[in-house]
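What follows is a pair of complexes built around chain A, which joins chain B in one and chain C in the other.
Moving on to the complex of A and B:
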């Protein structure tokens, strides 16, 4: 079973201008994320990479087609079940780290596990271990405002991995970082995903980063074309 | 409770100035409300006590018809129910000093009338000069003495309003032996006390003399069943309670009490709706955090629960602080009112300034319950908006 499977996904948006009808972003896209493999989607700005990732994570709904997460169709779930699925099976990393500003680094990382109803002591233990692995052992009690961009992104990576999800969805995770920090975060993310046996769906325009992944797809003309690798399990 | 919900709620409460101001506002609304309740209830109970102990008794027994006689009433027939029974003759009189006139109800009372319960309600200042003439003594109130511009030992003329239409108006001269003060000028200025036997010579009609009954504390709240029992036992006697005897005063009290309560309730309703607007504003401020929390897997109900706990905790804590503050102020109303009165606030002279404080727990409970219920409902309605906040908003409208 694939952690995430996109089946005949089409996504259309209403045009901003009146009378222009709808704009098609994705047309009949199929994609299976393979367990334990990393998959990158590259493409020009505005090609629909982020939209594809949002649909894959159940954040947005497709106009046509369906998204299966561990075999379960997102569209068949109510808010509670969909949230639960996202909480337990998917980790998100975005260009903007999207940390809770009032929570310190440790609390931000613990948050998904606390939401899942896990014991605080267990959550703390795992969160501290993740933060220490990413070199943030001294920053546990720092608020996001007290962390650098690279540190914030590392906290976001820890948070994404906290609940040991099958798949990590990452949208330009190094897009806001300088070159050194970007390279460090890229390596950390790929190493952690491999060490923990997770799948990764990466959306980026950074080709170097993308081609470090097992599979690379190009999103062009509303659909995906394989650039590297291929589905193997 | 989910640990994340409690963590998020705690952070909101501690870090949001808006929630702190909500807490302060609720406390500032509740404190005067509770004080006002304590003031109105205590004062009305105080005034009621003045009427009962100095004017009418808990129960009055009269013999308005020929053939009936109040001396037939025996308190021993009602064991444990009756504290004291006093024969009282009363009638109206106009009182004159050298320059002023006042209208009073002259009450003729026996020696034992001012028992311990009544003395708790009144204080006397007696003349130290021994009477040298046969002129009868009278006790008038401080308010009447002030109105007539007289003092202890002075003489006043009374025009007795006859209780029998065949009699004519009769003037008598009396000496002011005592000046009393109950703390409630409105009642004081109506009353004057004379010796019972002398009063009987002034008001000889059978209807002018009746019995004032004070009941034991156990029966103070059971006057109606006691009246029924006396009426069944004592045929031909007229039995009334103090509130039947003072219908307008009693109804004024009830109406005032209800109006005050309704007004306070309306204030509470406004405060409760304010909490809903705080919840709404908090949601508005937290759109980004809510979307992030939903992104990492929180359901909408978890988000609502956390927001509700934040606002409701602040409401409950603000309410409790307000109640405690209100009770503290209420318990010190005596000195506060006296200080205000001494500052020359004239309107306070219409109120009873010296009264026992009673805390109206039931009214406080009803007002608190109303605040909590309306807050609960209005906050829940406000929080329905969180459903529209989805993680995708992080990437679109934010």
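Moving on to the complex of A and C:
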């Protein structure tokens, strides 16, 4: 069973101007994320990479097609069950430093586990271990505003891994970082995903980063074309 | 649940984007609204209590019994009865023979010993000088001023109904002014004179005589006991006897609550807008919480909880300050009066408020509940946007 499977996904948006009908972003896209493998999607800005990632994570709904998460169709679930599935099986990393501003690094990492209803003491233990592993042992009680861009992104990686999800969805995780920090975060993310046996679906402009992944797809003309590794189904 | 509560507390006083000052403004707004509601309620309560006390002291009795069977002695012996006495009330025309001035009035005729009872000789009714001879008439200082009469003046009292002996024309009698009284009820003082019961019975007979009863125990039990002894007895409570005034007081209080509710409604509209402002600041956080596994409902609960925390703290502040203001209202008003005197050179009426503002715990609880429900409702209305916002959109905006 694939952790995430996209079947004939089509996504259309209503045009901003009246009378222009709908704009098709994705057309009949199929993609299976293989357990333990990393998959990258590259493409031009506005090609629909982020939209595809959000659909894969159940943050957005497709106009047509199905998204299966561990064999469960997202569209068949109500908001509560969909949120539960997202919480337990999917970890998100966003381009911007999307951390909870009023919570320190440790609390940010603990958040998904607390939402899942796990005991605070257990959550704390795992969160501290993850943060220490990513070199943030001294920054546990720092608020996001007191962390550098690279540190924030490392906190976001820890948060994505907190609930030990099968799949990590990363939307331009190094987009807002300088070259050194970007390289550090890239390596950390790929190493962690491999070490922990997670799957990774990465959306990036950075071709070097993308081609470090097992599979690379190009999103072009509303559909995916294989550039490296496996193949679309 | 712990996460939801923790987040609600954290967001309520978040330091980011001026959130804390907005929250404090909402909190103070709720507190001020609540203080206004409590203080005005307390003042109205005090005013009402004072008026009703006055009404029950002299203007009326707890019960008025019209019975052909029972005497005042029979009623006095009943359990729960504080005092029972005969009285007659009738309309008269008064002419001061010395000055020639006249006015219409009503006569209250009591047994002599009633004047020295606790109810009558309390702070409300003052009789000066001490009266030895009740076979005259007692006039208020207000009436004395308006008619220009003096002690021992003779006044002609014309009874505006047929008398016992003169049954066709109104009966008149000249009586000396034996004493003056004062009350805090100007209208009462201006329109009432007191006479001895036996004197009036001698003129009008006993047909209009009734028994006034002051009750110290359960009023309903006394009514039941009277009806057991005389099923045909006519009994009126003081509320029924003064129905018009009593209803007016109740209406006044209800209307006041309605107007105060409107005032608080305006505060609530402000609350809704402020909640929206808080949410606009936290929309990105809401989207993030959704992305990491919070359901729409959970995110909504967090933001509702945020409003709840602010509302509860506002209520606590409002109740504490409100109670302090109520307890020190006389001092505060005297201070305001003094300030006004220093600025304008003239006194206001604030320093002369003749009652104690008070509010019961049940009433405070009711007002708090009302404020809480209304605040929660408007916070919920303010939170509705969360249901409409698309997380993906918010996250994309946050990314660019």
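Note that the second predicted complex is superposed on the first by the 230 of 233 C-alpha atoms of A that agree within 3 Å, B and C clash if a C-alpha of one lies under 4 Å from a C-alpha of the other, contacts with A are read in each partner's own complex, and residues count from 1 in each chain.
We adopt the following convention: a contact is a pair of C-beta atoms (placed from the backbone, for glycine too) under 8 Å apart; a residue touches a chain by one contact, two chains touch by 3 or more.
Since this is a predicted model, take the numbers as computed values, not measurements.
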Quick one: on chain A, after the overlay, do chain B and chain C clash, or do they fit? Just give me the call.
-> clash
State whether A:41 touches chain B only (first), chain C only (second), both chains, or neither.
-> neither
A:87 contacts which: chain B (first), chain C (second), both, neither?
-> both
Where does A:159 make contact in the superposed view: on chain B (first), on chain C (second), on both, or on neither?
-> both
Location of chain B clashes with chain C - one stretch out of 75-83, 93-101, 111-119 or 129-137 | 93-101
Going through chain A, the residues touched by chain B and also by chain C turn out to be 50, 54, 59-60, 79-80, 83-84, 86-88, 92, 94, 96, 98-103, 111-112, 114-116, 120, 159, 163
Seen from chain B, its contact residues with chain A in the complex are 2-4, 7, 11-12, 15, 289, 292-302, 387, 390-392, 394-395
Chain C contacts chain A in the complex at 2-3, 10-11, 14-16, 284-285, 288-298, 390-392, 395-396, 398-399
In the complex with chain C, residue positions of chain A that touch it | 50-51, 54, 57, 59-60, 79-80, 82-84, 86-88, 92, 94-96, 98-103, 111-112, 114-116, 120, 145, 159, 163, 171-172, 175
Residue positions on chain A within touch of chain B in the complex are 50, 54, 59-60, 79-80, 83-84, 86-88, 92, 94, 96, 98-103, 107, 111-112, 114-117, 120, 123, 159, 163
